[in-house]
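Both of the next two complexes hold chain A, though its partner changes from chain B to chain C.
What follows is the complex of A and B.
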């Protein structure tokens, strides 16, 4: 029995070793990721829903981090763009569906209206972001956070006031995606699985687009502004204008996330504009690590799945925010660069354990693991980083 | 000899205090000009006025652009930089979290007017990186190009800072205390570097400096500021033997 266990452990060890050392090319990772995405779609309905929500929140946080982690401006009002996207979508669906049906026929109308709604949502966001950004980027640091918070609450109040019957006040606008019929095939856009694929088809290219933004000359200048705005200005960069444009780009992608959220939640709710919604990308980014491109994605994953994990225990569910707070404290204290930084540290540590195993077998590996773990609990510096660095 | 930078009656008052008092100077494109003076003489305020960080209370600033002298008195910092006035800082100011290469890419992106370019990739863009490689080579930074700046020594950061300021191909390069915090060997290296750059490049160098040995070695012309006004102006031989200058320095030390 023990030999069998060792065989499996060896095989897992060898696989992991192979994977992190040399075997996993970007292509293989991408392929495996896509396969995983398809597999999730055939899971239980609730899991499909949860993963869809994760993708939307990940896009939300990633777009937020364009301004925070990359440009150094902490916005506490990005919910206004999230709501802008969802309300733009919801209002088009509510008011234009019959007209669209008249033009393109009732079969394809729900899909076409959804597309129009998405465009309207993003345009509405631009309409808000261009003036709000122009005013806000004149301030920095805590003042910037406060003015964006103020604008966010302003948008929230306007939605609650129900101007001209447009936003339907505190109830929000119900979103009905309807039944689409193309060439005799009927499908419900609101079906969990269909909507999951639709979300993936929007989020994946958006993530790639944001990646292109941060690696472009534009994004490089963003990072420079984060590091030293006066230095950037002395090199000829119009810092205020650049921050404004980054604000608008960030808001537009948040708007896309908001559009998707309206379809998933089947409602454009004032809650989408509330400041607690603005806190979601902040928390996700801090948990995941603002200095890594993938940090907000990891953070969004942790945020949603920990909440789900806690909600499975009814006794804990009422206090899930308490557990979440404890987790946040743990991350901030022990992982300076968030969960994504933690994963990189874990990778380094696993390589070190493997190295100890190569030199002295299982005993050495266990001894190394025990030693470094107790060292980590004693102080917050990473033993794996320094020791791993020395060997290579 | 042509004038590249000219101030006329430049004055800056902060309430009751006159930090820069009616300074009229013309900087020529030949040789290195040093601006010296005791602490509080207004050197840094003068630089901040030139680079658009502060707005002057009175007076004008003109900068050479081609055949013309263009007024830059009320231009914001980034516009002054685009027109050809570049600077280094007394306390090294580089993009700490970025690598040396990324630092220089930022400067070249700005110089090429491509800050809004979303389509190319900064890391592999031809025109940007050709110039970056040339600058790295010029400043002897090629070997360490991919190290983040927060891992560099003070002297290395100083080199990055000079490379950054040169990367935007300035007409006039203002160095603010380039040898601050350096030992005498490093200071001598900076002197020969500045002299060599002044010979090789089109840029005109203006230096503020505390270290009198450096001033004597590097300057072709010295302007002395005291209490915000020009006290003396001439060759090192003339200025450093001027009684009023010694008095201003000794006076300040006595206080």
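What follows is the complex of A and C.
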């Protein structure tokens, strides 16, 4: 695993070097990305919706991967935190909207309530995650997957039971975001475009925060635990405590994603707590590549856009899960690096082609592309044949 | 608490219902536990296997031959074959991989999605029901409650399967190979056991039992694509309570969970869901290896 990361780091370094030499500074890349984000907002309404959902699922998967890819704990119950965020938000909007309007005036009340709901959602998630995490991190590997699955389904059955009329049972809680008025300008928070910008304004800093966590000493300890819990313990790391803290941080960010989902879907649904929702970040992360920071983001993109692509074919639409099942099996068996690993390989290859072009013009570049492509195809054909041979 | 106090809360009918729920859960949990005990693979698709067993039995009685017992055998065999194909094709390459356990879990989860969609594609989303065999289509009265004879038959079948498996594992040569390989794979391999073939055989047996459970349960429940999801969670709970890898643990766990599901709702709302979960969490925290450990016990 570590050698693979070094190779990739070198490639990123080479790419960055090229980019800087040609004037493509980090700032320009970031600006280009932001411009792209703004442009998406002016696309067709459905595309805006889809991209908003992508950002939420990306945050969900990224937070999940703090625990899976970085600490080595596979949780099959993160839906409980997703639902915790949704329900915290939905309950505040349902019960506190009139009171907030009394205090701050009806103009900005919806926005203030949304903010309160977000805080309530994350607090609710922390309230669940701190004890659940404390209990769960005592176990490892398959046992950890099972106990998180169990806690997740426990939360699901509590929501279904509608305790004290709080969760409204199987119907869930309808979320209405209302109309905000600031300085005489009215805008609907639930408007797809407005909500898109709101989501981006929450998701981007959250992604940055997770990046800071991963690159901090805290994240380094996580990776040390993933590679070898015993060695980490020998170096003086309190492994259980550290896993607990990672669990809580991961859950909190999943809660943020859940808060945003309640506003997007206009409902806090018990489905958000079902274990099939816990499977979404697993699928996205594995397909995207758990060993890369951006893997879950790429995976969430693949997840939502492949699903959308499939939905264009009515005959296949109802069976989109089939494709994700097959992708999951294929990726785990043959391509553990996932889609993010594939993209980095493609990037390295394009740079090589570029190098050939610099040396010998178009002909050299085409020749190099053809040679390396045939070599790659030959190589991937080769091992699978020998593998089949060994199996016999 | 003495017995009469318990019986004040719980009727004989609840206990029979609980045992019959436990019996069908046992048939799926024991295969799951057997496969985990020997191969170290937690098969997420085991609930989907159970569901295939029910659907194949339905298809055989509806389209091929109207014989319940042949349909049950066909369902169990079909699932056994599916299990072998999956084990040889996709799980075997992962045994040697470091941290392969989570990869195996994810691969078998992939098959949950695949099987779910294939079943929906072939049979649609509507629930099916199946008639109990004519020879058992009568009622039996116990302590003032009436039960279908078939329900009692399934409870008996679970006890027979448990006894058969116990004899098979402890008394036969193949059983000795299974026990030996489960406790030390490398040593068994050095002593000349063909480990990959044994693994495939055990996977076949575990899958066969899941298919048998599904086919036998078809007259007691409605068969729909959601069936696999429901039972796999129950089966996970059972094997954790009983001990992953222990057949006897799967039996005790299944009967306990069946009883909790039948009796639980009388104590708290949704007790049939909550009580088994709470029991599982308690077992995981205080005795992660389960109430019983080891394959031969």
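FYI, the second predicted complex is superposed on the first by the 320 of 392 C-alpha atoms of A that agree within 3 Å, B and C clash if a C-alpha of one lies under 4 Å from a C-alpha of the other, contacts with A are read in each partner's own complex, and residues count from 1 in each chain.
Here, contacts are C-beta pairs under 8 Å (C-beta built on N, C-alpha and C of every residue); 3 or more make two chains touch, one makes a residue touch a chain.
These numbers were taken from a predicted model, which means no experiment stands behind them.
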Partner chain(s) touched by A:324 [first = chain B, second = chain C, both, neither]: second
Comparing the two partners chain B and chain C, which touches a greater set of residues in chain A: C
First (chain B), second (chain C), both or neither touched by A:216: first
Which of chain B and chain C A:153 touches, first, second, both or neither: second
Chain B versus chain C as contact partner of A:45, first or second or both or neither: neither
Chain B versus chain C as contact partner of A:286, first or second or both or neither: second
Touched partner set for A:170, first chain B, second chain C, both or neither: neither
Partner chain(s) touched by A:138 [first = chain B, second = chain C, both, neither]: second
Common interface residues of chain A - those touching chain B in one complex and chain C in the other: none
In the complex, chain A residues that touch chain B: 212-213, 215-221, 223-224, 226-228, 230-239, 242, 245
Footprint of chain A on chain C - complex, ascending: 42, 88, 90, 92-94, 99, 101-103, 105-107, 109-114, 116-118, 120-121, 229, 233, 236-237, 240, 244, 269-270, 273-274, 277-278, 280-281, 284-285, 288
Touch list for chain B against partner chain A, complex: 51, 53, 76-79, 81-82, 86-87, 89, 93-98, 102-103, 105-107, 109-111, 114-123, 125, 128, 164-165, 167-168
Parts of chain A lying in touch with chain C, wherever the complex brings them together: 72, 74, 135, 138-139, 141-143, 145-147, 149-151, 153-154, 157-158, 160-161, 275-276, 279, 282, 286, 318-319, 321-322, 324-329, 332-333, 336, 387, 391
